[in-house]
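Labels run A, B, C, D and E following the written order; every chain starts at residue 1.
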Amino acid sequence: AQDCPERGALDVLYCDANGDLVADTPTDPALLNDPNTLVFAYTPVEDPAVYADIWAPFIAHLEAETGKDVQFFAVQSNSAEVEAMRSGRLHIAGFSTGPTPFAVNLAGAVPFAIMGAEDGQFGYRLQVFTQAGSDIQTVADLAGKRVAHTSPTSNSGNQAPRALFPGLGVVPDQDYEVIYSGSHDQSMLGVVAGDYDAAPVASEVVDRMAERGLYDPAEVRMIWESDPFPTTSFTLAHDLDPALAETIKQAFFSFEFEGTALGDEFDGVSKFIPITYQDQWAVIREIQASNGVEYTPQGLAAE
Amino acid sequence: MTQDMTMDWARYTPAQRMKRYGAFFGVALLVTWALGSIDVIWEWVWDAPVQLADLFTRMVPPDPTNLETILWATWETINIATIATMIAVVLSLPVALISAQNTTPNVVCLWIGRFILVSSRSVNTIIWALLFVAIFGPGIIAGIIAIMFRSIGFLGKLLGEAIEEIDHAPVEALQACGASRFRVVLYGIVPQVMPAFFAISILRWDINLRESTVLGLVGAGGIGIILQGAIDTFQWQEVSMVLLTILALVIAGEVIASALRKKLL
Amino acid sequence: MLEINNLVKRYGKGAPVLKDLNLSVQGEQLMSIIGSSGAGKSTLLRCINRLVEPTSGTITLNGTEMTTLGTKDLRRARRRVGMVFQSFNLVDRLTVMENVQSGRLGYISTWAAVTRRYPAADIERAFELMERVGIAQYANKRADELSGGERQRVGVVRALMQRPEILLADEPTASLDPKTSEQIMSLLRDLANELNLPVIINIHNVTEAKEFSDRIVGMRYGRIIFDDKPAALDAAEMDEIYAGTPSQDRQDMGAVA
Amino acid sequence: MLEINNLVKRYGKGAPVLKDLNLSVQGEQLMSIIGSSGAGKSTLLRCINRLVEPTSGTITLNGTEMTTLGTKDLRRARRRVGMVFQSFNLVDRLTVMENVQSGRLGYISTWAAVTRRYPAADIERAFELMERVGIAQYANKRADELSGGERQRVGVVRALMQRPEILLADEPTASLDPKTSEQIMSLLRDLANELNLPVIINIHNVTEAKEFSDRIVGMRYGRIIFDDKPAALDAAEMDEIYAGTPSQDRQDMGAVA
Amino acid sequence: MTMPTTWRKPPFIASPVLRWAFYIAVAIYLVGTIGTLPIDWERASEGLTRAGRIFSGAFPPSFARSDLMITGFMESLKIAILATVLGLLLSVPLAFMAARNIAPKPVYFVGRGLFILARSFHPVIVAIIFVKAVGFGPLAGALTLTIYSIGFVAKLLAERIEEIDFGQVEALRSVGAPYLVTMVYAIVPQIMPRLVGLGIYQLDSNLRASAVVGIVGAGGIGSTLANAFGRYDYDFALAITMVIVGAILISEAVSGKIRKNMT
């Protein structure tokens, strides 16, 4: 690692000579990894939870395309997933929006795809809801109210509002009281029950809740909606053999959602869309930067 | 009908031995079946110490910058755990009594008791939390009640087993005095299970401290939330600080428990 | 006073342990039951207050038929029967006073039982009885801190606190040294006289039995085979009482003891 | 054979329970120790095989000084001392045979012990001894299914399995009925003669002690105050042995029992 | 001679000053914590109907995805069996080390320290540690739950050992039995019922330990349940809960039977 000219925010284990903000494939062939069994993990965090069996058709496709065994794990902790990739225990991973930059910088993850629609549309939106009869009309009206964020580390539930709302006229914590509700659905139910005056929540969550009749959509009113954020990023470990990495990517891009369980599960999604961390995650990095998030506190201190 | 004086002796008759081998074989089979799902990647196992070192070196030294927040959250958590444990203890006593084989009034009660205990432990914390948030609104109350409901199963079960292991003689003596069932329990059983009672309550108390992550589900703070947050943002040095705090609390719990036991044993 | 007729007790499906037993206790003060191990002495005593459920027969105590009582009446009837146990059966972790007062548990309110606010009269009586048997100074000690003899005194006081109409004692001196054991026996005899209370004692030590009893009943495997004044118990009678094994009486597998 | 010199035992910081005690057991077959509760009889016996650690003094058994042995040597020395307990101390949930064989545990390998594969010779000897005392038919019963007398026989056989050089018995008959208790006492006496084994018994029942012993030692609060043939034990001696309380001897708070 | 007519149980704390200080401290604490809890009964009564609405989705329970449920259950069962067996194997020696009446002081402290440590590490951390060590999957799950089991089983077992009848140990010592054999003959039979009780409790506790197993990607019934919640499939969640309750009731019955046979 001594001979690394540039690594940006990456941990000392990684190097970014080409400046694309993600870890470079090691130049020393001995450091490349070509495992017999590919390990693929996915965290259902800000997306709706997914049953493991829904991924079965995709795993079969991936095994057919790469000719290797693929083990799939639906994992419930971002940190476990990041640490696993850092330790070389994980080759392909779906990281949620917020944790992706951590994965890139701490674990050398290289994002290459997200799920999207035929027309290239992707992602979810941040929506702000209040009670139907409330006098809150704009985000600026939130001043002096009780607003539910989800939890400190959530992207859409906390960091994004903190980064975006000042531009709309209110500063969280200063102009209004922030109450952590624990999760998107708790925020929403709390708004319905009148426990909170308003709450920023992820569009996917409220859609699904409405579908299940957990609240009556007539009782709430949306006052603001953000541009779409990228959803779960699909990433590869940086030290995978380049040929293998290429095969895996092709397998992703050639997968047809139509008619599979995965297609039924993710409404409006029809394929994996190629992305880069540098472009599609710029907005997230910006949000996190404005909230003072550092990706490698220990790594930086060590230098 | 004395057994003929054969000089060889075996602990078990052939039938018993078959039964034992059978049971042993059954367990072995179960374990093998379970092991079947595990494929160990040995390279990873050999490499494990390096990876563990990676994590531990990032954990030291503990980072005390947020110590004040941590201590404050700890204090809150202690309060919540204490209240929840106290109430749960009170509620679990009658359940323990009806689900212990030697104090249950009848088989129906035994199964009702067992059912209550089992439901309390098998219903997910999330479910309890959701239910009580919906009822009481987000906040500490829902958290306390969720933790409490979850503790009842644990306390009731272990207390029930302690009750099953008591000395029955004093109970009989009280029955001979013509005391009612409740008073027999009060004078004959309660004093006998006291040490176990304290040990179990304090054990649950410290489990509740650590499981205060539940509070996050209901939008209340707590040491569990701080820990979770630190893990989620990879602040491993803060994580180790929180772990040290929890360690101190668990040790304090142990000390209190063993002092109480000594006094009561 | 106590009238037992055709009492049969069979544990589970085994041979009966008490076989059609008849016994009537009238005015005697202290009556001892002797008999070898397994003769059914404990079973007999425990049938009287129904700690053991008789299989058939009747037991009448001062006009109350014990064998047919419902739960509640049984509880009331048990208060009238005091019982002292071989292994004392005190609640170790309670104080002597609490153990003693537990003899009154059938009488006082639940609240008083929980808060340990015993009626003044009960406390006074407890101190009187404890003073009488010489353990008043231990009122606040935990029961398990006492010596065997002292613990048995607590057991006796607990039974007396019930103001029983009869006192049953199942080998009350078996775990005591000879001196202490003599003290407890004379205590029981004296109390029997003072309180005019019939006392039935299961006992192994025949010498003691003879010394302290007004009447001795000898049991052999479920039957009463001797019932007379102590003086009438001679070596031949003794041999008969302690001879034989349950097997000989029961015609089932031999046991040595 | 057994030589005890200047033995002192003090529990914690209390007054000594054994006070500079000297005792030598030469060729006697059966020796009884009597004394009231708390005199230190159990403490004395338990000092011999160091279940209780003596405070000072020496105990020599057939040339081996017991008080200074290290863990391993102590274990070896303990095999030479058989012990029978008042409350039997059998392992309730094991069978009679396992309990009996546990007397050999000092000799066989751990593996044999854990798998219960006892040497044939040990099994043969166990059956012989069990037959001798009349419990052979119970070999496969669980210890807690036996009567008191039977359990004590198991305890005796367990001790004999050690092929001990001396047998200690701490109130071996205290929880037994008189007949059983006589049986156990004669058993001990007969075994003492047959095996030429010195036996020391703590006992409360003086009548029994006199009947079965070759020598009687009377203890009073840590001291030996009588040591002679049974015939020499008259009423005056008895009174002295059983008189007094620890308090009188120890000058601390009075106890009644 | 007149007898006292009053008697008070000797208080737990002898010194009245200390005692009252203690009572007052407890009272202040309780008032300060319980007294200030914001309970809004109006909100609660409204909340009841709302809770009813949310949870009405759970009825009737749906067994439509029973395949997923069965595979999940089997997976959890495997992990639970491994973790319980391993946990018990490690807990027994640890419990012996940590029992005051049989272990020498230094060993005692080491033993206690070990299971205090096992309990202080939050399961999430232990899970992450094992994921780093052996990767995702059932192995990491079983190891995590093993640690989790030790903190609990070893502690309660050690406390049971402290309560045994010591006479049996003395008897074995008096025959000169070596240490290990003394333990096996005199203590193990005595603690067996508790060990069985704890073992079966731990088995079902490990079966339910969804949070931990979900982190290591070992799926199982716990994560299926969590997912059912995440997707608001309350009818499926209820079905899973019913299956878990059923399984545990069976294990309770088995445990009760074994324990009864032993005593």
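Convention: contacts are C-beta pairs under 8 Å (C-beta built on N, C-alpha and C of every residue); 3 or more make two chains touch, one makes a residue touch a chain.
From a predicted model like this one, the values you see are computed outputs, not experimental measurements.
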item	value
Chain pair that, of all pairs, has the most C-beta pairs in contact	B-E
Distance-maximising chain from chain C - centres being C-alpha averages	A
Centre-to-centre distance between chain D and chain C (centres being mean Cα positions), rounded to whole Å	32
Gap in Å, rounded to a whole number, between the CA centres of chain E and chain D	44
Intercentroid distance (Cα basis), chain B paired with chain A, Å	35
Set of chain E residues in contact with two or more other chains	43, 47, 50, 54, 124, 128, 132-135, 137, 211, 226, 229
Residues of chain B touching at least two other chains	1-2, 41, 44, 51, 54-55, 134, 137, 228, 231
Residues of chain D whose C-beta touches two or more other chains	98, 137
Partner chain D, residues of chain E touching it in the complex	167-168, 170-178, 180-182, 184-186, 189-190, 192, 262
Of chain C, residues touching chain E in the complex	95, 97-98, 116, 118, 120-121, 123-128, 131, 139-140
Interfacial residue positions of chain B with respect to chain A in the complex	41, 44, 47, 51, 54-55, 58, 133-134, 137-138, 216-219, 221, 225, 228-229, 231-237
For the chain E and chain C complex, residues of the former touching the latter	1, 3-10
Residues of chain D that touch chain C when the two form their complex	36-38, 134-135, 137, 147-150, 153, 174-180, 183, 204-207, 242, 255-257
